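Order of writing sets the labels: A, B, C and D. Residues in every chain begin at 1.
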Amino acid sequence: MSSLKGIFAPIPTPFVDEEIAYDKLEENLGKWGETGLSGIVVLGSNGEQPFLDEEEKIELWAFARKHFPEDKLVIAGTGCESTRATIRLTKKAADVGVDAALVITPHYFKANMKDPALEQYYRDVADNSPIPVLLYNMPGNTGLNMTPPLVKRLSSHPKIKGIKDSSGNIVQISEIIRDVPPDFSVFAGSASFLLPALVMGAKGGTLAAANVAPDLCVKIYDLVNEGKIEEARVIQKDILALNALVTSKYGVAGLKAALDMVGYFGGLPRRPILPIGEQEKAEIRSALEKLGVKTVA
Amino acid sequence: MSSLKGIFAPIPTPFVDEEIAYDKLEENLGKWGETGLSGIVVLGSNGEQPFLDEEEKIELWAFARKHFPEDKLVIAGTGCESTRATIRLTKKAADVGVDAALVITPHYFKANMKDPALEQYYRDVADNSPIPVLLYNMPGNTGLNMTPPLVKRLSSHPKIKGIKDSSGNIVQISEIIRDVPPDFSVFAGSASFLLPALVMGAKGGTLAAANVAPDLCVKIYDLVNEGKIEEARVIQKDILALNALVTSKYGVAGLKAALDMVGYFGGLPRRPILPIGEQEKAEIRSALEKLGVKTVA
Amino acid sequence: MSSLKGIFAPIPTPFVDEEIAYDKLEENLGKWGETGLSGIVVLGSNGEQPFLDEEEKIELWAFARKHFPEDKLVIAGTGCESTRATIRLTKKAADVGVDAALVITPHYFKANMKDPALEQYYRDVADNSPIPVLLYNMPGNTGLNMTPPLVKRLSSHPKIKGIKDSSGNIVQISEIIRDVPPDFSVFAGSASFLLPALVMGAKGGTLAAANVAPDLCVKIYDLVNEGKIEEARVIQKDILALNALVTSKYGVAGLKAALDMVGYFGGLPRRPILPIGEQEKAEIRSALEKLGVKTVA
Amino acid sequence: MSSLKGIFAPIPTPFVDEEIAYDKLEENLGKWGETGLSGIVVLGSNGEQPFLDEEEKIELWAFARKHFPEDKLVIAGTGCESTRATIRLTKKAADVGVDAALVITPHYFKANMKDPALEQYYRDVADNSPIPVLLYNMPGNTGLNMTPPLVKRLSSHPKIKGIKDSSGNIVQISEIIRDVPPDFSVFAGSASFLLPALVMGAKGGTLAAANVAPDLCVKIYDLVNEGKIEEARVIQKDILALNALVTSKYGVAGLKAALDMVGYFGGLPRRPILPIGEQEKAEIRSALEKLGVKTVA
């Protein structure tokens, strides 16, 4: 496996009339494959993972792995609420060739998801996984946070290789980096704090904005590695506005609209997510233009 | 259909070695059928709904409807994250004979689940549902709250017949009751605020504690209808401690342990929920005894 | 001292050009004195307590006690952040004749205001207070909540006679009532949950809305005592809209505007609180009219 | 005035038997004066500002300015809840020679402290201030956050020269830096995110930890200016543990205990803040030793 570092795009699932549009996906994969991305996540939050049936998920992972460059990673979002379902899907994802599994915290039963339950959950999943496991901390969607002591304990498991932390809490990210082994990969979960996370020692990012502006995100990563912090800062500040529109503000509906503007297929999310309106689209178009990303539609 | 009022138990799903134990369920259903309960909810939160596959859910609804007294209601928890899955499951639940569907708010994509999206979601589900639909507001688990104006708008839909509000926010519950038609059924979602909700005009409750102490919950309901508020208050205060243990404090793991103590089959939840320990069980036993509920194990 | 029960108005402090307008206050006190109120709170939150200097506070308490009917209580909001300041003000309030002190939780140093610190604080204040002390839990403003176990421990102190709980959490209020001695007075802190709190055993309420519609609030209280719950419920539902406008929605600026409309002097709050606009005033006027409260301006 | 950049210590107020101990303060000021600190804040949160009377505050500012090196800045925390009190104190602080005023958001009346009210407040204060004004955003204590658009609007006021942002939200800090004029000074409000903030363009920090380990904090600042990011990262990670103990975990009680250990006078906070225990002190001592800060007591 290529090493777990660099910039990853958690790609959206393209739908036409609510059905997966594999032809559109193939085109998108071709384009992302030509960028500097280190890989993609298939069925992270932006993939609308909670809206897909199990069969759809497996077919999607297989298709993506088949149609994406071999030297780039394909990571599958395999987390479910129950331990048994997550193990089952992780095995099936491995069967179809994906390189690693990104496993979100179970979160519906918040009263029961204390650290000991989460620790046991991830150990059970990792013990049964044929492929490397990445933790996925996404409090904005789950209402649950993985604490640094929990991540520290899990980081010693031989199959658990990293974490995507979307909390945006730079102190927590710093504490995690301080506590884990050097080869454990901490990824920024949003472009809005990519540079600060990299400066603290993150190994990369898996970023919604990397779908729309992959090479700008890769540029921040490269500049940090070259020690060119001030140049990186300029891009980092510039990308904040676009990033907010395709994450916290309009979510995957905004992300898909932005993809349509830059020459990828975006389309509409499955319901109940509503399409965004013309005013919201104009906001996104304006942010893309200010960022110097070429719009085609 | 019997009218939507009275006390309902959102029953847990019994497992042996993580598989549904239908023999145990049949025994439990027999016992609940002999109480004053108006009905049960199958695959509400306490049914561990997010842990069951679609086929399991349908089989479970069919079984419960078949083995529960005909003059009592069986309500199915059919809510999923996507509109299409919720509609599909609601239709299948109707096919196997359940009386109504309890539909939780989709909640993973919080940035997109504003009131207009939730309103469209519930209208789409209700338009396609063969059976009455109940809204289910459960912010403690979902991190999302249904506002009174949203509930008001939805309450005029001919298929939407009520709401289970588990927020515990008595002001919100009062505002909802003020705003909906008189035959729209507002249910308290927890025994901890049953009496206050009934006094404000709620039609009943669907209560975790009603699994363990059904007739005490029914007694509060009956006393309010008889105008005996002070007697109701005594029971209401007494039930608070037990209720906390089987809901906010230990969740479904606590509820199942309590069932084992009072002569029902409780067993263990599916993983990742961990069993509670001996000290937690002693707390529950003590609360049961203080409440005068007979323990057998 | 009259017993601690019934409906209290936490009166606003009238200002003209930001200075205390004692003539206006005297007029207001005369009107409230003729209502069914059991008393007033001078320098609760609605009194803009954090905006007044120590000398202003003492003068205000003295004036209010002097100009309010002797058979009704005057309670002084004496809580400050430091123990020494609270004790000093409580003694001075007692010196000028007020009947009891309402003491809000210190809250700025949230990391340090755990239960042991709060318990010691209230014990120190009560040990040094010449007059009865009421706890004041106001999480909406302070960001801090008093837990039922803390209130239980404090309720055994001979000088601590009650609590105003403005949390709106009816389960917490029920737990407190369950845990305290029978003569400990629990007051609803807002009219929006007055009836539910009374039904659970609260001794009354200290309510912003009681400034504007004192006799409607008293009516709810009287109806509950007469066992006329359904009649009380009608008023309770009707008062929700007005209550929201003069508390959570527009705060003391809304409350003062409402007072101006019903024949009291309201005026403007001190800065930085801004006056409300015409649209907000129209909302309040409409709510007053729907409630049947006579408007004169 | 020296320019607003570098590392500042928000110094604690020393008390003996709850009275200000000026002799201890003078000793402390002498020691801080010999470090690389650019200045101090007198009566920020760590100065226990809400516990001091107005006369104490003014005397303290005068004393600090007199006993601290002239080439270093003394900033006074002058914010109160009312506009008039803040203006009065800011003028008095200017009269006794302090260099700038740090003005926390008024926050008690949260329903009324929307952006327009906060904007008007800061304009009123700045219009009336003889000295430069710094905004102070401290949501952990106030429960209120200053948004980037608000800060942007205020940053054009000629008297408003910077902001201390203690939110720890690195995205927000990045957005503020993006939006304000280049000479507007954004300060990290805690050492836990000093390096990330500096990398994004912050001009410095005002840091509780800078009381205890001033030269380590200054070292991070200097290394960033020299482009030595990796060396800065090592210190940044090392300082996290100590920082948590003297801020979020034990607050000013922890900070004062730490000062006692490193040769300054710390003493006890005023009540109701309780002293920390021996176990907490051992934690702090251990963190100091791991950080290589010499302990003397």
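Rule of thumb we're sticking to: contacts are C-beta pairs under 8 Å (C-beta built on N, C-alpha and C of every residue); 3 or more make two chains touch, one makes a residue touch a chain.
Values in this document were obtained by computation on a predicted structure and should not be read as measured data.
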| item | value |
| --- | --- |
| Co-neighbours of subunit D and subunit A - touch as defined | none |
| Centroid distance [mean C-alpha coordinates] between subunit C and subunit B, Å | 37 |
| Whole-Å separation of chain centres (CA-atom averages), subunit B against subunit D | 50 |
| Which chain pairs touch, all of them | A-B, A-D, B-C, C-D |
| Sites on subunit C touched by subunit B in the complex | 168-171, 174-175, 177-178, 190, 192-193, 195-196, 199-201, 227, 229, 233, 236-237, 240 |
| Residues of subunit B defined as touching subunit A within the complex | 18, 45, 50-51, 53, 81-85, 106, 108-113, 116-118, 120-121, 124, 140-143, 247-253, 269-274 |
